[in-house]
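I'd like to ask you about the structure that follows.
The chains carry the letters A, B, C and D, assigned in the order they are written, with residues numbered from 1 in each.
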Amino acid sequence: MNKTQWHGIIPPLVTPLKDNDTLDIEALERLVNHVITGGVHGIFLLGTTGEGPSLSRELKYRLVEEACRIVNHRVPLLAGITDTSFTESIALANHAALHGADAVVAAPPYYMPPSQPELLDYIKHLAPKLPLPLFLYNMPAMTKVNIDVDTVKRAADIPNVIGIKDSSCSMIYVHELIDAMKNRDFPVLIGPEEMLGESVLLGAQGGVNGGANILPALYVSMYHAAESGDAPRMRKLQADIMRLREIYRVGHYASSGIKGIKCALSIMGICGDYMAEPFQHFYEPERERVAQILAALR
Amino acid sequence: MNKTQWHGIIPPLVTPLKDNDTLDIEALERLVNHVITGGVHGIFLLGTTGEGPSLSRELKYRLVEEACRIVNHRVPLLAGITDTSFTESIALANHAALHGADAVVAAPPYYMPPSQPELLDYIKHLAPKLPLPLFLYNMPAMTKVNIDVDTVKRAADIPNVIGIKDSSCSMIYVHELIDAMKNRDFPVLIGPEEMLGESVLLGAQGGVNGGANILPALYVSMYHAAESGDAPRMRKLQADIMRLREIYRVGHYASSGIKGIKCALSIMGICGDYMAEPFQHFYEPERERVAQILAALR
Amino acid sequence: MNKTQWHGIIPPLVTPLKDNDTLDIEALERLVNHVITGGVHGIFLLGTTGEGPSLSRELKYRLVEEACRIVNHRVPLLAGITDTSFTESIALANHAALHGADAVVAAPPYYMPPSQPELLDYIKHLAPKLPLPLFLYNMPAMTKVNIDVDTVKRAADIPNVIGIKDSSCSMIYVHELIDAMKNRDFPVLIGPEEMLGESVLLGAQGGVNGGANILPALYVSMYHAAESGDAPRMRKLQADIMRLREIYRVGHYASSGIKGIKCALSIMGICGDYMAEPFQHFYEPERERVAQILAALR
Amino acid sequence: MNKTQWHGIIPPLVTPLKDNDTLDIEALERLVNHVITGGVHGIFLLGTTGEGPSLSRELKYRLVEEACRIVNHRVPLLAGITDTSFTESIALANHAALHGADAVVAAPPYYMPPSQPELLDYIKHLAPKLPLPLFLYNMPAMTKVNIDVDTVKRAADIPNVIGIKDSSCSMIYVHELIDAMKNRDFPVLIGPEEMLGESVLLGAQGGVNGGANILPALYVSMYHAAESGDAPRMRKLQADIMRLREIYRVGHYASSGIKGIKCALSIMGICGDYMAEPFQHFYEPERERVAQILAALR
């Protein structure tokens, strides 16, 4: 693929689990088909919503294999290779390439936070060793490090670095990215779904939004409304997105977002709600509340 | 061992590397012997100073094997098993037990930060699956999560949880821990070496101090001075520790501490200064500055 | 005025100074006329850009008097009464009412940060004592406290509380506010100018943007483009706003924004660039750089 | 006074209030006499515990007058002049000098946070305009700005700057300060009472501890135990201090500390518990809990 093919809605796929160490392959198949039927433009494995860093090496490898098989090139597939170990990131990228993924995605190493020059060096060392093109993944809430716009600009000069997924939740940063990259072929994909519409309207190429696991067509519709500058439709879809995200706030902790998505998928019969450690799924009354929000939306 | 045997200076051992993926076994041998000769009371592998999270699974396993062989029960050995994957933590603990380590050490999962109740659940799930006793490792600068004193108190009731290493850099937290644990057999070991003296004086059992890789006897002396309440000697040794820590501030970034320790060990001929990604060793003029600080100290 | 009259571009007016304690009244007159000629819909005195908290009580009172006289009801006037002292806030509000201001604006007390319930109580105690309607001012970067959306909702039930200026720089928060207030007459005004367009497009009533001191017509144009949902024009104006904001990044510190605005106004001959303590104006080469950015824009 | 006279326990005096704007002068007299009888070495007015920034200008001036009159040079008196307005700080210092205070104390301006060079400039501009010697006040939790050790070293060269009160709660910073100032006559006074003992033991000159409003003799005893290096006595007194500070944690918010102190003084019959806005005093069951802690201590 070339860079311009990366656009639209690319859900950060939930990882269906039978227990802490067993992939639920049938549920994975249902989930993949659910989002592709919903019109998504790609699939991203092993992101934050996919609980990537919580999974064992074997489970990650298995997920990549099975997802590649199931997706079967119906949409482009991105595999998250974020790891605190450089060697493990490369090994996982090789595995993803072998099984047919289209690109990889890496956030900064997230234990010891690198400075910007160290981060740029890291990207410079990593990208040439990867068998697939690399999306940067800006996720400071988890990695403690923001990928500064200046670092992105320099990284974009590295041949194998093709775009960025931004989950900084900073619209100012998104504007800076769009402004810095406006004359380059370097897609900017937006994580926080509340900001999907305006980001696409003003120059981003798409969204990597957790809610697209649940209602993929809602996010695909917002993408198209924003792309065509249809403000009244955007306002209506924004209200729906604001309703859906109430699911993420049902629980009491920061983990509420990913718990809420798995809970909703479980209520919909798509996959179970087993969470990888250190999290546990929602119990009542949270589950009932998710069901109510979902019912009101559909 | 029983809990009361955990005391004194337990260096968080640097991991000598030949390149990003190759352990330098001869250097490891020199380093282990250097710290044991210096009088340390234990050794901690795969901590932050040991660049644990930056190493591949194979390298971690190899390090544990070789260190167990070299130490050969001359002092107790703790192996860090901190990982964002529950499964990987347990597997590494099993490997450590098989090769003769005495305990394991785990910080909270460091990508997705758990709340305190989630963290307590995680510890409750983890400890019974471990073949060795568990030290908690409080390292909020890296994990984004503080292990609240109340969580420590509850975790201390779990049979296999035997103590805590605190690197919060908060003396108030240390006082709270000491106060909460004063009638229990639950050793508190201090990470930040600036706070070693007063912590031991006022009730901590020892220190896990990076500088003890370089000058183990300095930290052992401070431990003994504090244990015996020798204030004038503490003030003198404190001044030396403040000098040594200038090594950690030679570089411009947060990584300066672990770079400085490897640089000093390299100047001393104990091990090379190869750093695991995402870091690179000091070049001139930083190396020259480290040499000067070291020369003034010895 | 009623609430619905609060909309459009309301510049947070710079305070022209002759020295640390002397208002430059002629410059104030030029500046007020400059922004009114540029089409602004209101003027906000004594905000962050106006260096409000840095000014003495006498200077604040004088500024309110003179600005009221100069504006002379050509546009609505808001006076900032943010203070760590409740008594001083009320006294300043009374002074503003006496001289003809139309509303007051208060951020949370900014030394000792209140919790949300304490903050709501504070607003409940403050509003009835004020002779003018009150806009809340959310400015967590300065006050250390975010006014949570739930607190805003409750505060909006207090009769005298009529709207909010948000400078959180969080577009997610803006969406939450708009969503929470969509069926109420409670204007949401946006501080960060990078986010003005999308905020108005999606439901905010206007902007309180520092750059409108310099080029008021640019922000007024963006307001109208967003209000009418003209996406192509928004993209063009957004690019201009991104150029202007380079002025705020000329200096090395967080103070660069307000220094840059005064520097630009000084280059334009509107007012001097004297800064209240603890800041000093730009020297070369920063001033030259501001001049270049300004020349490229006009 | 010369610098070396600044040592020992200097309570940050609570401001007794009858209502939000009325000083309780009789209570002030009881409180001053209570702490002087308890053996304190000085008194600090208008600090954080004194709710300084929450008081109106008139109330601050009145407090300074009355406290100077009541103390009547029995112990040295420091007046807090921290303000976001440079002019107001100087005016208050002049008032304090006129009425007989011995020194003033200033934290950085706390609305717009200065960078370190800007902060040093601010101190350079402020100190020569003050009629009394100046203590720096490091209180980053409130001011958002740490006074870096390097800035303190440079500020210490300014003739009128004579010492520092540190409330950073960082023992590492305290060690750095002590180390940097060990050959100079520049007293370091410690805010957080948990760290009083070790700080004095290792080189600080004293403490400015809120709890000394309640039980001044406890802190005076710790000061003397630490000064004489009596470790067993320090451990015992530390346990008492840890008990007393439970008072600060009775409430649910950050304000619990200052509320707890006023509540305790009210139970002891020394002053009322009226809090300045934005805070309200403890109600039941918090008040009952404070009474229990107090009873157990006395």
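Convention: a contact is a pair of C-beta atoms (placed from the backbone, for glycine too) under 8 Å apart; a residue touches a chain by one contact, two chains touch by 3 or more.
Just so it is clear, the model here is predicted, and its values are computed rather than measured.
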Touching both subunit A and subunit C (chains): none
Same or different residue numbers at the subunit C/subunit D copy interface, by half rule: same
Furthest chain, CA centroid comparison against subunit D: A
Chain centre separation (subunit B, subunit D; CA means) in Å: 36
Whole-Å separation of chain centres (CA-atom averages), subunit A against subunit D: 50
Residue numbers of subunit B (touch at least two other chains): none
Inter-chain touch pairs (all): A-B, A-C, B-D, C-D
Residues of subunit D defined as touching subunit C within the complex: 20-21, 48, 51, 53-57, 59, 84-88, 91, 108-115, 117-119, 121-122, 125-126, 142, 144, 252-255, 258, 276-280
Complex contact set, residues of subunit C against subunit A: 169-172, 175-176, 179, 182, 192, 194-195, 197-198, 201-203, 229, 231-232, 234-235, 238-239, 242
